[in-house]
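Consider the two complexes below, in which subunit A is the common component and subunit B and subunit C are the respective partners.
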Partner chain A sequence: MKLALSIASLIVLVVHGVVFYDQFFHKWERYQTAYFDQARSQARNDAERAELSERSPRIEQIIVTQFGESRVDRCGTCHIAIDDPRFAGLGHPLKAHPYSAKLGDVQVNGIWQRRHKFSDFGCTVCHEGQGRGLTDHYAHGEDHYWPEPLLGYVVQANWKKEFQPHLKGKDYMEAACAQCHSEEKFAGTPQIARGRQLFFSNNCYGCHRIEGISDGTLGPELTEAGKKFKVDYLWESIVDPRAGMASSFMPKFDLKNDEIKALVIFLKSRHGVNLTETSLSQYRTRLHATGAPASETSTTLAAGDIIAKGRKLVEDRACAACHKIGEKDGGIAPDLSFEGLMKDDKWLVDHFRNPRVVMPDSIMPGFRFAEADFQAMSAYLMTLKTAPVSASQADTFQALCARCHGDKGDGLGKTALYIDPAPRDLTKVAFMNSKPRERFVQSVKEGVHGTSMPAWSKVLNDQQVSGLVDYVYATFVKEKGRELKPRNVPEKNPVASSAQSIQRGEGIFLARCTGCHGRKADGKGPNSLDIVPRPRNLRNSPFVTSLSDRRVLEAILYGVQGTAMPPWVDYGLSVNDAGDLANFIRSLTQKSARPQLRAGNQTWQQNEQ
Partner chain B sequence: MSTEPSETPTAARGSWKDLPQNIWTSVFRHSLPSSELGQAQTSFTNFFLHIHPVKVNRHTLKAGYTLGLGLMSFFLFLILTVSGVLLMFYYVPSTTQAYDRMLDLRGSVAFGTFLRNMHRWGAHGIVAIVFLHMCRVFLTGSYKKPREFNWIIGVLLLLLTLFSSFTGYLLPWDQLAFWAITVGTAIAGYAPLLGEKIKFLLLGDNTVGQEALLRFYVLHVVVLPMVMTLLIAIHFWRIRKDGGLSRPPEADVTPGAERLSVQVVSTPQGKQAFGFMGLVRGPFTKVGNVPENTVFSWPNLLVAELFVFILTVAVILVISLLFHAPLEEPVNAMHPPNPAKAPWYFLGLQELVSYSAFWGGVGIPGLEVLILMLVPYLDRGSGGIGKWFAKERLMANTLFLTFTFLNIFLIIIGTLFRGPNWEFTVPW
Partner chain C sequence: MNVSHTDAGKKGTTERRSFLTWLSSTALAGSAVISALANFVFLKPRATYGAPSRFSIGRPDQFPSGARIAIETRRICIAREGNQVAAISTTCTHLGCIVGVADTGFACPCHGSRYDQDGNVTGGPAPKALPWYQVKLAPNGDLEVDTNVEIKAGTYYNL
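On to the complex of A and B.
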C-alpha cells in the first residue's frame, strides 16, 4: 500500500513537473538568449552591447489594426532576428527576413528600408498562420484542421497525399498580396493574373459568381472562397469535384498542374474585401462595379459584322472550355463544329437564353449576356456548315459519334458523364435487337428531342446514315436479332385524355412507377441510382412530346428491353391502364394543364375544379 | 502540543508568544491523533471528515470488494469541477467565438491544452467509472434492503453523468460536437408524443445552433452540476444512514468472538468517547451495539481514500499529458461527416436506432432505465448481499451481465464497425 501510494504520488509529482516545465521554460526563451549572445558578439560598439545585455527574453508582439480585424502577431518571439540584417545567412528561427526590391524594399545609403514594415504589417497579413501562437506547431498551423496554416509553407497532415507536394511554394503567398493589391494587372501577382485568365478561359465564370468579376448561378459562389476554404480543398474541388460533394455536376476540366495551381492561388486570394478599403470605399466600388464582360454596343451591325462579333464572343467567352469547336475540344459538352447544319437560329437563341427550355437536364449555365450577344453568337454558329468528310463508316463513327457514344459504342464517350439523358449504349444487344432498324435510322436523321442527340440529316445523306446504322449493327451489336414479333399495341391512345383518366393514371403511377421514375416523375426515384441506363425524366417536355402514342404504350406494356423497364402487361396492367398512364405522363409536360403531383387524389380533384 | 484540550483557563490573558499556536489550535482543534479518542474526535469534529463514521467495518476497506469505484467517480467529479471552472474563465458560449476560444486554449492560454485534456479525458472516465460502479453494486447485491433508495439515486446520478457529458460535448463547437449533438438530439426526437417537443426544448430551435449552444452551456455548467452535487450529498448521506457500505452479515462479527447485544464501550480514561452520534434509530451504529469487526476511520479509511484519490489524479494526469483532446474542423452545417456519430456512450443507442427509430432510441433504453430503477423492488430475496457473484444471486447477476455485455457489444459495434452510411466495416 505504502509503496503504491508513493509511486502514485511520484507520478503526480513528475507530471506536474513536466507540465510546469513545459509552461514556463519556453523554446523561444532559448532562441532569444541565443540571439542576444550572437548579436552581442557582433555588436559594433559598447552601447549596443550594453543594450543587448539589458534585454531579457520576453514575448514580442505586434498589434496590427490597419488590415481588417485586428491581429496580434507574436511571431517575433521566436523569429527574433527578422529585422536584423546581420542574421540574413542563418537558419530559422534566427534568420533575418529577406530584403527584396520585389517587395518594394529600397536601399538608402547601403541600408535596406522595408516597404512593408513589420511594425505596421505584422506577419500574418502576408503569411497567414496563427499570430498568437507561441509554439511553432500551433503558430504555423501544422495541426490538423487548424485554420489558416502558413501560406505555401505548411502542409497539414490530413491533406491528401496526391496533391500535398503541389500545395507548397512561395507562389501561394500571392494570395495574401492580393488582399491589398487587388488590381487586375498587379505585377507582383502573376499567378493570380493567370488564375483570373484561366477562370474565364475555362468558363468557370459561367457557373460561379465572384462579386465584381462574374455572376454565374449554377455553382457555389466563390466571392469569399479564399476565406472559407483551404488550398487543399480548392485543389481537390478542381481536380475531382465529386470528392467533396457526391452530387456535384461540375465537370473535370482538362487542366495541367501549373494551371490548377494558378487557379487555386487566384481563388485563395478571394476574400470578398480589400483589406485596405474602408466600408465607405467598398460601397463606392460596388456602386461603380463593372460586371462580367458586357455587350458594348446596341447599334445595328451589318450581317458580316454580326457574325464576326459572334465569332469573337464565342472565342472570348470560352465556349470551347466545354464544347468542341473545330480543333478546340473541352471534352464536356456537344460538338458545335457544324452546328449550322443541325440547329436553327431560333433553337440556338432559345437555348442561349435558358438551356433547360429545350434540354431539360442540361448542365449548361444560362449566361447573362446581352440579347444582342446571343443573336450574334447564334448567327456565328449558324455559319458553321461544313460537313466533315470521312472516308469510311468507321471513320464517320469515330468523327461524329464516338465523342458521346464512345470508341467502343458503349455509351461511355468522354462527354457521357455530363450528358443527361446519357448517350445510348450501342453494345446492349437486348435493346438494339428489340427495336426495328427504322427506329435507329430515324434517330440518326432527326435526332432525339430533349436530348443531346442532334439531327444528322444535313450532315449525312441517307446512304451514309444507312451505312452508319449498318456499321453499328455489325461492329457493336454483332448478334443477329430474331424477327421482331408484331405486338398488339394500338397506334392511338385508346383512352381519351380527361381529368378522370389523368387521375387514374396518377394513381397507377404513384403505385407502380415512382420507385424508379421518382415521385416528381423526373427520373430520380430512389432506385434510379442503381439503374443504367437511368430511368427517363418524364418531365422532359421536348422528349415526351416527340413520342408517338404507340411508342409510349409499347414501352409501358412491353417494357424496354436492355433497361430496367419491365413489361407491365405481365404485372396486370391493361391497355386502358397504359392509356391512362400515357395521358397522365403527357399531362405533366403540357403547359395548359400541368398538375402538381400529390399523394392524395382529393387534392388533385380540387385542383381540377 | 497535548492531545487533549486544555483543562482549565490558567490565565485571563495569554501571552503574545502563543499567538501562532492560538490561531492554529482555533482552526485545528486536535493535533494528529495518537490515541483512539483522538482518532475518534478527529473524524467527528472536522467538517471535511465528519462525513466519515468514526469507525468502519474492516470489510469496507477491502480493496477487492469496492475497487474504489465510487470514490473514483467522486474524485473525477471534483477534478471535472475544478478543471471545468478554470476552463469557464476562457470559454464563451457563442457560435462565433466558441471555436476560436478552443484554439486559444490550445495555442496561447497557459496550461490551456492540459486543462482541456484533463476535462475531456476526465469526462470520458467518469462515464465509464460510474457505469462500472453500478456494475459493482449490482454484482455484490448491494442495492438490497435497506439500500434500495440509494440505488435509485445512483441510477439518477448515472443518467445525469451521461447528460452532463452529452451537454459538454457540444461546447467546443467543432464538427465532432455539432454532428454528435445533431445525432443525439435526433434520437431524443424519436420519443412518442413528446419527442419533438423535448428536442425543441433542448435545442431552442429546430436545428443545433446558437440557442442550443447556450442551453447546453447553462445545463452543463450550472444546472447539472448543482443537481449532481445535491444527489451526491444524498448518496453519501444515505450510505451513512443505511449502515455503511454493504457487507455480508458475517462481516459484522469478529471471528471467534461472541457478539454481544449490548456492550459498554469504554476508553482507557474512562470517558465516553462517542458522544451522541449514534443515538438514532435504524440499522446502523449504536452506542452499546458497536460491531466488533471495526477499525477507526482515522487513519485506515482516510489512507484508503487518499490512495484512490492519488491514483485517480495520477491516471488522469498521465493520460492528459500523453493524449490531446481532439478538436476537429469548425462547424460546417453543410458538410456532415459520413457517418455522423453520437458520443461513444450513445453509440449503442445509435446502433439500435439504425434498426428501429422508436425502439432503439426510446423504447429499449427507456425500459432498461425503468427496470434498472425498479431492480431493488423486483429482486426481493435477501441473500447474497456483500459478496461478488454470490451463488444465491446467480440468475440476477446473469441477467444483468447479459444486458451489460449486450450494451457494450452494441457500443463496440457502433464505435468501431460502422463506416459510411452506417454500413458494416472492419476497423483494420
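On to the complex of A and C.
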C-alpha cells in the first residue's frame, strides 16, 4: 500500500515537473540564446558584445494594421535571425530570410534592402500560418483545426495521402501575393494567371460565381474560396467532387496534376477583397466593373458573320469542356458534332436561355450571355450538319451510341453519370424483351423528349436505324423474347380529366407512388437511391407530354419489366384508378390548372414562365 | 536465532515503511511547491498587445548626418548628428497630437505648442518637454528604438 502510494506520488512529481518545465522553459528561449551567443562571437567590437550580453529572450511580435484585419505575428520569436544577413547560410529557425529580386528586394551599395519589410508587413500575410503561435506545431498550422497552415510548406495530418505531396511547393505562396497584387497580368503570379485561364477553359465559370470574374449560379460561389477552404479541400473537390458532398453533380474534369495545382492556387487566391484597397476604392472599382463576358452591342450582322461569331463564341466560351464538338471532347455532356441534324434553331435557343425548360434534369448551367450571343451560337450549331460515315452497324453504335450507352451497351458510357434520365441499359433483357421492336425504332428515330436521347432520323436512314436496332438485339440483348401478348389497356384514358379525378389521382399517388417517385413526383423518393434505373421524374414536362395515354396506363397497370415499377393491377388498382393517376400526373406538367402539390418544388417551372 | 531474525525482519519492515512515508510526502510536497511557484509566472504577462515598444527602424545609413526624419507610424523623430543618433517622441505632451518636425524644432498643429530642437517647450500649452527614447544597434546592424526606456534629453547613441 505504502509502496503504491510512494510510486504514485513520485509519478505526480515527475509529471508536474515535466509539465511546468515544458510551460516555462521554451524552445524559443533556447533559440534566442543561441542566436545571441553566435551573434556575440561575430560581433565587431566590445560595445556590440556588451549590448548582446544585456539582451534576454523575450517574445518578439509585429503588429500589422495596414492589411485587412490586424495581425499579430510572433514568428520572429523563434526566427530571431530573420533579418540578419550574417545568418543566411544557417538552418531553421536561425536562418535569415532570403533576399530576392523577385520579391522586389534591391541591393544598395552591396547591401540588400527588402521591399516588404517585416516590421511593416509581418510574416503571415505571405506565409499564412498562426501568427500568435509560439510552438512550431501551432505556429505553422500543423494543428488540423487551424484554417491557414503555412502555404506550400505544411500539410496537415488529416489531409488525404493521395494528394498530400501535390500540396507542397513555393508556388502555393502566389495565392498570398495575389491578395494585394490582384492584377490579372502580375508577373509574380504565373500560376494564378494559368489557373484563371483554366477556370474559363474548363467552363468552371458556367456554374461558379466569382465576383468580378464569373456569374454562374449552379455551383457554390467561390468569391471567397481562398478564405473558406484549405488547399486540400480545393484539390479534393476538383479531383473527386462527390467526396465532400455525395449529392454533388459537379463533373470530374479531365485535368493533369499541374493544371489542378494552378486551379487550386487560383482559387486559394480568391479572398473577395484586395488587402490594399480601402472601402472607397472598392466602391469605385465596383462602379466601373463590367460583367465578365462582355456582351457586344447588337448590330445587325450578315448571316455568315453571325455563324462566324457563333463559332468563335462556342470555342471561346469552352463548350467543349463538357461537350464533344469535332475532335474536342470534354467527356461529360452530349456530342454536338452534328447538332444541326438533331435539333432546330428554336430548341437550341430555348435550351441556351434555360436548359431546364427542355431538359428538366439537365446539369448544364444557364449561361448569362446576351440574347444575340445565343442566337449566334445556335446559328453556328445549326450549320453542323455533316453526318458521320460508318461502315458497319457496330461502328455506328461505337460512333454514335457508345458515348452514353457504353461500349458494352450497359448504359454506362463516359457521359452517363451526368445525364439524367440515365441512358438506357440495353443489356437488361427483361426490359428489352417486354417492349415491341417498334418502340425502340421510334426512340432512335424521334429521340426521347425531355431526355438526352436525340432524334437520329436525319443522321441515319430507316434502313440504318433498323440495322442498329437489330445490332442491339443481337449483341446486347442476345436472348430471344417470347411473343408479346396484347394487353388489355385502353388507347385513351377512360377517365375524363376533372378536378375530382385529379384529386383522386393525387390521393392514390400519395398513398402508393411517393416511396419511389417522391412527394414532389420528381423521381427522388426515399427509395429512389437504391433503384436502377431511377424512377421517372414525372414533372419532366416534355417527356410526360410526349407519352401516349396508352403507354402511361400500361406502365401503371402492368409495370415496367426490368425496372422497379411493379404491375399495380396486382395490387388492386383498377383501370379507372390508373386513369385518375394519369390525369394527376398530366396535371403536374400542364401549364393551366396546375394543382399545388403538398410539397411542390416549382423552381424550374418558375424559370419556364 | 529465530527470534532475533524475526526482530531484524520487523526492524527492516519499519525502516522501509518510514522511508516510503518520507518518500511519498516529499514527492507530494515537491509537486505542491512547484505548482505554487508556477503561479508567480502569471504576475508578469509574457506578451502584451498593442504595437511593440522595441522596434527596428532600419540601417543607420538611411539617416544621413544632420537629418531629422519623422517616422509617423511609430511617432518618433530620428535625429542624426555625425556619428550620433537619437530618437525623440513626436507625441505632443499636451493632448497627444503628432507634432510637426522642422529644422528649428517641433510644432504642434492642434493647440500651437512649440518645442526646440531638443524637445524643450518654447511656447504654447505643452506642460513638459518631448521625451527621448533609447536607441541601440541591433545584432543585425539595424537601429533599434525602445519606447519603453526614456533617456535624458540630449543623450545621443554613438555609432
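One rule holds in what follows: the second predicted complex is superposed on the first by the 581 of 609 C-alpha atoms of A that agree within 3 Å, B and C clash if a C-alpha of one lies under 4 Å from a C-alpha of the other, contacts with A are read in each partner's own complex, and residues count from 1 in each chain.
Everything that follows uses one rule, which is that contacts are C-beta pairs under 8 Å (C-beta built on N, C-alpha and C of every residue); 3 or more make two chains touch, one makes a residue touch a chain.
What you are looking at is a predicted structure, and each value in this text was computed from that prediction instead of being measured.
Novice: Touching A:51 in the superposition: subunit B (first), subunit C (second), both, neither?
Specialist: Only subunit C is touched by A:51; subunit B is not.
Novice: Hey, is it subunit B or subunit C that touches more of subunit A?
Specialist: Residues of subunit A touched, subunit B against subunit C: more for C.
Novice: Now for A:138: first (subunit B), second (subunit C), both, or neither, which partner does it touch?
Specialist: first
Novice: In the superposed arrangement, which partner chain does A:63 touch: subunit B (first), subunit C (second), both, or neither?
Specialist: second
Novice: In the overlaid three-chain picture, which partner chain does A:130 touch, first (subunit B) or second (subunit C), both, or neither?
Specialist: So A:130 only meets subunit B here.
Novice: In the overlay, answer first, second, both or neither for which of subunit B and subunit C A:146 touches.
Specialist: After superposition on chain A, A:146 lies in contact with subunit B alone.
Novice: For A:283, is the partner it touches subunit B (first), subunit C (second), both, or none of the two (neither)?
Specialist: Neither partner.
Novice: Mind working out whether A:18 is in touch with subunit B, subunit C, both or neither, as first, second, both or neither?
Specialist: The first partner, subunit B, only.
Novice: In the superposed arrangement, what residues of subunit A touch both subunit B and subunit C?
Specialist: Touching subunit B and subunit C on subunit A: residues 5, 8-9, 12, 16, 23.
Novice: Provide the residue numbers of subunit C that touch subunit A in the complex, in ascending order.
Specialist: Interface residues on the subunit C side: 17, 20-21, 23-25, 27-28, 30-31, 34-35, 38, 41, 46-47, 49-52, 55-56, 58-59, 61, 136-137, 139-142.
Novice: Can you name the residues of subunit B that touch subunit A in the complex?
Specialist: 103-104, 106-108, 110-111, 114, 174, 303, 306-307, 310-311, 313-314, 317-318, 321, 327-330, 335
Novice: Would you pull the subunit A residues touching subunit B in the complex into a rising list?
Specialist: Those residues of subunit A that touch subunit B are 1, 4-5, 8-9, 11-12, 15-16, 18-19, 23, 130, 132-135, 138-139, 143-147, 244.
Novice: Mind pulling up the subunit A residues that touch subunit C in the complex?
Specialist: For subunit A paired with subunit C, touching residues are 2-3, 5-6, 8-10, 12-13, 16-17, 20, 23-24, 35-36, 39, 43, 48, 51-52, 59-63, 72, 74, 81, 83-86, 109, 111, 113, 117, 119.
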